[in-house]
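Each of the next two complexes has chain A plus one other chain: chain B in the first, chain C in the second.
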Partner chain A sequence: MTDLVSVLVDGIIYSSYLFIISVGLTLIYGVMKILNMAHGSLYALGAYVTATFVGFWFGHNLNPYVSFLLLPLAAVVVGLVAGPLIERGLLRFMYGKDEIVLVLVTYAILLILEDVIKLAWGVESYSAYQPYGLLGNFEVAGLPYTVYDALLVVVAIGVGVALTWVLTRTRQGKLLLAVIHDREVSAAMGINVQRVYTVTFTVGTMLAALGGALIAPKVSVVPAMGVDVIVLAFAVVVIGGLGSLPGAALGSVIVGLVRSTAVHHMPEVELFSIYFVMALVLIFRPKGLFSAAEARKI
Partner chain B sequence: MRNRPSHGNVSPLTVALRLAFAVAVGAAPAAALAKRVKLGVVTFLSGAAAGPFGVPAKNGAEIVIDALNAGTLPAPYKTKGLGGEQVELTFVDEAGGTTKQVNEYRNLVQRENADVVIGYISSGDCLAVAPLAEELKKLTVLFDCGTPRIFEDASYKYLFRTGPTATMDNVAAAFYVTQMKPNIKKFSGINQNYAWGQDSWNDFEAAMKALKPGIEVGTSQMPKLLAGQYGAEVSALLTSGAEVVHSSFWGGDTEALILQGAPRGLFTKTTVVLTAGEPTIVRLGTQVPEGTVIGARGPFDMFAPDIELNRWFRKAYEDKFKMAPSYPAYKMAQAILGVKAAYDKAQAANAGKAPSQEQVVAAFENLSFEGPGGRVEMSLGKGHQAVQGTAFGITKNVGGKVTMTNVKTYPASKVNPPDGVKSEDWIKAGFKAGK
Partner chain C sequence: MIARDRTLAMLLIALPVCLAGGWLLPAWVQSLLVLALGKGLVVLGLVLLMRTGLVSFGQGLYFCLGAYAAVSVGKIFKLDNSILMSDALVMPLFGAAVAGVVALVLGFLLARYRAIFFAMLSLAFSMILYGLLIKIPALGSSDGFNISFKTVAGVAIAPAAQLYTLYAVAVVLVFFAALALHQYLRSHLGRLAEAVRDNELRVEYMGSSVRYVVHVNYVIAAVLAGLGGGLVGLSIGHVDPDLAYWTTSGEFVFVAVLGGTGSVAAPIIASLLFEAIKSAAYQYTPYTWQMVLGISLLLVIMFLPAGLWSVFQRRAKRA
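Take a look at the complex of A and B:
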């Protein structure tokens, strides 16, 4: 029983991490049809800015509980600076080009951002560990877990619910869905597609940075920390269906639970298990679990 | 622990200024030096291994070469340069994988005309470069990589390794924990899923089973390198019922394991052994939980002997870089001093004239020389592989600083196989000729 509970709890915590790191990727793809390889670097940028903010905060002995606000603040700062800069400064010149060209362009951005991070922060590791242990522990079936990890689950659910609400219940969200459905018709109907793209990329960047910001207190913030994240996030969104929000959620839960089961019962296949699930899904659903049916355009 | 381990907290303003300065100025061109012996140093200057290993090694090289060229090294290395000639340093980034490193090695030797190459932290890079050193007939010294396979599976003339193998770390760790917990019944492990982690776990597991027949393995976790998230692994380790958890994690992975494992009681409910944990102390300080068993991959840093060479190296490093040297810095210093000792010996045998490479190579074989970690014997691999004693200890926080208690040292003969015997066979045979 303890074993089953720990597999479930570990799986859910890991799923929330996966959802947070992949939701921005799937949002940008859904709207802009860009597989944003720079997502990993934006995640890393969020972690580095968080480490800087948290270091400054605790270095000046300020109220430790307020430090939790620094995490979303770091994500907003990265999103508002890097998002419009990349979208307006580079990506807008590439719209209309083949998707593979955009993949290469965003890969170039990833490499540039990796070096920007090294220029700004060097190659030393940073940490923002203080918020992680601040709220203490709780026990599930005799195993201790940190309250911070429980908060990650809450944040992941909150992000998912908020995005769903915005997309389905607000005017801006409906405009965005219209652009997703058909960019040209949306533009013809008077929707400012350029602005939708800029806002979407900025929000996607914020979500990538939020992933890094929330993970920073748990890890050592080091160069290249974002490179593996893009691979993992890609696996999740491919399982769920590129561009699908519920798909990213389901993909995260599946991967999280499968990985947790592997770690507890067959640790030697842990890495293989994630990509095995991905391969299995793609065999039966080549466009992912939540891929929408596409009308053929003549 | 500090948020900026080496230089205190870094402010947002500092980050902005540093970025602006870097953009405005660009990389300053290296000063051209008209010196004779070209020394190529290969170490991680980017990527995840740069901070914990690559940069300290580079720093260590700069300290020793500056002193070598100035003739200010302590005895027995008081003469200037190598073979009486000044040394010119060229650094190469080890990041990028084995294919890139093979090309970089060719560039160093065939285009840059390096006289000596010292380098390689990754075991994969060492294995890739080893046959090339032989093909190009270039004196090459491996300073840090741990795989014992280099000289156990092949023989080389131009290749040397001045650092001990990973076998020593894990055998010594097994000796340490079985002395510490003589009634131990079960142990577990968490190691990175590549050659280093797998070899380390295999050696530790075999050594534990040789020392305590009938002992059980709880779980062997093998997350991928730089996985970062260890929540499920920590749960698995906690539920495994192990008294000891072995880990050869390094760099950011060690730090993440500590940050995620300590609040959940992993370090209080089990005794965690970090065989390569010493750089983490330099970086995390008192954030490393008390009671953790730490190794330094040899007699380095806090385990280094109180000798003049160590006192000099430590002071010079701390004065220049405002932080303590970790074991990669020691091992780089040791490699350069090994080359220096071989040059000096060859020069003495050559009537004081600058020796040829062949003479230096001959002098290097079976050499015994002094490093900042004490005496190094090139006694394995037909005189090409170093052995040293090693030490393990337990962390204890005293006055806001990490100190080591219960330090036990192990002579080289106890934790290394005899020449010509493979590490794996030696461990499985119950350390015959080792005890």
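Take a look at the complex of A and C:
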């Protein structure tokens, strides 16, 4: 029983983290039809900026509790700088090309960003551990968990609810859905599709950076972290269905639970299990679990 | 007008030139060339898939299988000192065969997928292999294991001549692979690849099976990747699970886009160019070489969508 609870709790915490990193990927794909390989690098960028901010904050002995605000701040900074820069500076020249060519373009961006990170921060590892233990621990079935991890779950749910609300309840969100549905007709109806794209990519970038910012206090920030995480995010969004918001949530929960079950019972299959599930879903539901049927195009 | 095809003549000239020229080259160049030729084989297969309209982000699967297969089977069945564990010709060929069999099975599945779904599913399979290998202690887990060879086709090779021998094996294997692929591309089935890319429905209406074409090309690509993996493993003298990691596959895609799908020579030349640039850049600017790669990839996509090879073709047409 205790074991089941700890598998569940670990799984939920990991799912929340997965959801935050993959929701931006699915958003960008859903609107722009770009499978953004650079997403992992933007995530890493978020982690590095957070590490710098947190290091500065605690280096100057400022109020430690305010340091939590630094995490979303880092995400916003990365999003507002890198998002428009990549979309306006590069991606907009590529629209209309084949989906797979766009994947290659974002792969090029990934390669460039990896070195930008190395140039800016060097290759040694950074840490931003201070906020992690600040709020203390709580116990579930006799096992200690940090309050920070519980907050991660809250943030993930918050992000999901906020995005759903924006998409279904606001004017901007409805315009976005119209663009997803038919780009050309939306443009003809007077929707500024270019702006929708820029905003979407910026928000997606911010979410990637937020994932990195939130994970930074838990791990050491190292150069390869983005490359590792992008395939995980791929697995999540592919399982749920590319471009689907509830799909990303479901994919995160599945991957999170599969991983925590594997870690608790058969640690040797941890990585294998995630991609095995991804392959299984692709075999039976090629377009993911949350996907509408699509007419064959000639 | 169909341009006169000089590929065959070029290959026949290149073989003796490369074999003889290899003697004159310093050791490190020879070893770099083996590496580049081995990876060139993988890219050759990838280019075949690209002609069919598919990009695989998982060729690392077969590359790694090819490198691991022979010695792994030898280790598992305790075949110490057999040719499976010490022959520079048998090992890559065995690796290629294993890769081919695995691709034959997975192909039934993958041949149904297109575009990013094909890319993602192939990526998932390569990551499955990676996930498996890092956790198998008998195969060295994440450290991998060393491999070496003592004979070529049963003939014992003196340690001093090993590097050149491996180089010669690589040149000969690439020669035959390029020759076979060139002939294949001119055959009925081979020509269907581009038809599939252009319009699948028409291919079906004309009475050919798209899935069959994709499946065959997928298996050929895997065999080439396995062969290349075997060669690269021998040239480095060490294999580890990173061979199956997705960044390895990404590198192959990069080289394939760089060279383009114009000719069987393009991927090989692109691979040689890539390894040369990579080793130079890695030595002089270790922190910016990926950036150089990324920028050149963007430039190629924007200005030379048919790859570097198209520059030669355009010049040939003008002349």
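In the analysis below, the second predicted complex is superposed on the first by the 294 of 298 C-alpha atoms of A that agree within 3 Å, B and C clash if a C-alpha of one lies under 4 Å from a C-alpha of the other, contacts with A are read in each partner's own complex, and residues count from 1 in each chain.
Operating definition for what follows: a residue touches a chain if its C-beta (ideal position, glycine included) is under 8 Å from a C-beta of that chain, and two chains touch if they have at least 3 such contacts.
These figures come from a predicted structure and were not determined experimentally.
S.K.: When the two structures are superposed on chain A, do chain B and chain C clash or fit side by side?
M.R.: Superposition result for chain B and chain C: clash.
S.K.: Just checking: does A:100 make contact with chain B only, chain C only, both, or neither of them? Give me first, second, both or neither.
M.R.: second
S.K.: Pick one for A:20: touches chain B only (first), chain C only (second), both, or neither.
M.R.: Neither chain B nor chain C is touched by A:20.
S.K.: In the overlaid three-chain picture, which partner chain does A:283 touch, first (chain B) or second (chain C), both, or neither?
M.R.: The answer is second: A:283 touches chain C but not chain B.
S.K.: When the two structures are overlaid on chain A, which partner does A:90 contact: first (chain B), second (chain C), both, or neither?
M.R.: second
S.K.: Mind working out whether A:207 is in touch with chain B, chain C, both or neither, as first, second, both or neither?
M.R.: In the superposed model, A:207 contacts neither chain B nor chain C.
S.K.: Should A:264 be classified as contacting the first partner (chain B), the second (chain C), both, or neither?
M.R.: first
S.K.: Name the contact category of A:118: first (chain B only), second (chain C only), both, or neither.
M.R.: both
S.K.: Identify the partner contact of A:108: answer first if only chain B is touched, second if only chain C is, both if each is, neither if none is.
M.R.: In the superposition, A:108 touches chain C alone.
S.K.: Tell me the contact category for A:272 with respect to chain B and chain C: first, second, both or neither.
M.R.: In the superposition, A:272 contacts chain C only.
S.K.: Among the partners chain B and chain C, which is in contact with a greater number of residues of chain A?
M.R.: Between chain B and chain C, B touches the greater number of residues in chain A.
S.K.: Where on chain A do chain B and chain C both make contact?
M.R.: 116, 118-119, 123, 268, 270-271
S.K.: Considering the complex alone, what residue numbers of chain B touch chain A?
M.R.: Its residues touching chain A are 1-6, 8-12, 15-16, 18-19, 22-23, 45-48, 50-52, 54-55, 193, 219-224, 226-229, 231-233, 235-236, 238-239, 251-253, 255-256, 259-260, 262-265, 283-284, 287.
S.K.: Which of the residues in chain A end up touching chain C in this complex?
M.R.: 35, 90, 93-94, 98-101, 103-105, 107-112, 114-116, 118-119, 123, 227, 231, 234-235, 238, 242, 268-276, 278-279, 282-283, 286-287, 298
S.K.: Quick one: in the complex, what on chain A touches chain B?
M.R.: Going by the criterion above, the answer is residues 2-3, 6-7, 9-11, 13-14, 17, 51-56, 58-59, 116, 118-129, 132-133, 137, 143-146, 149, 215, 217-225, 228, 259-260, 263-264, 267-268, 270-271.
S.K.: Please output the residues of chain C touching chain A within their complex, sorted ascending.
M.R.: 55, 57, 109, 112-113, 115-117, 119-121, 123-125, 127-128, 130-132, 134-135, 201, 246-247, 250, 253-254, 257, 287-291, 293-295, 297-298, 301-302, 305
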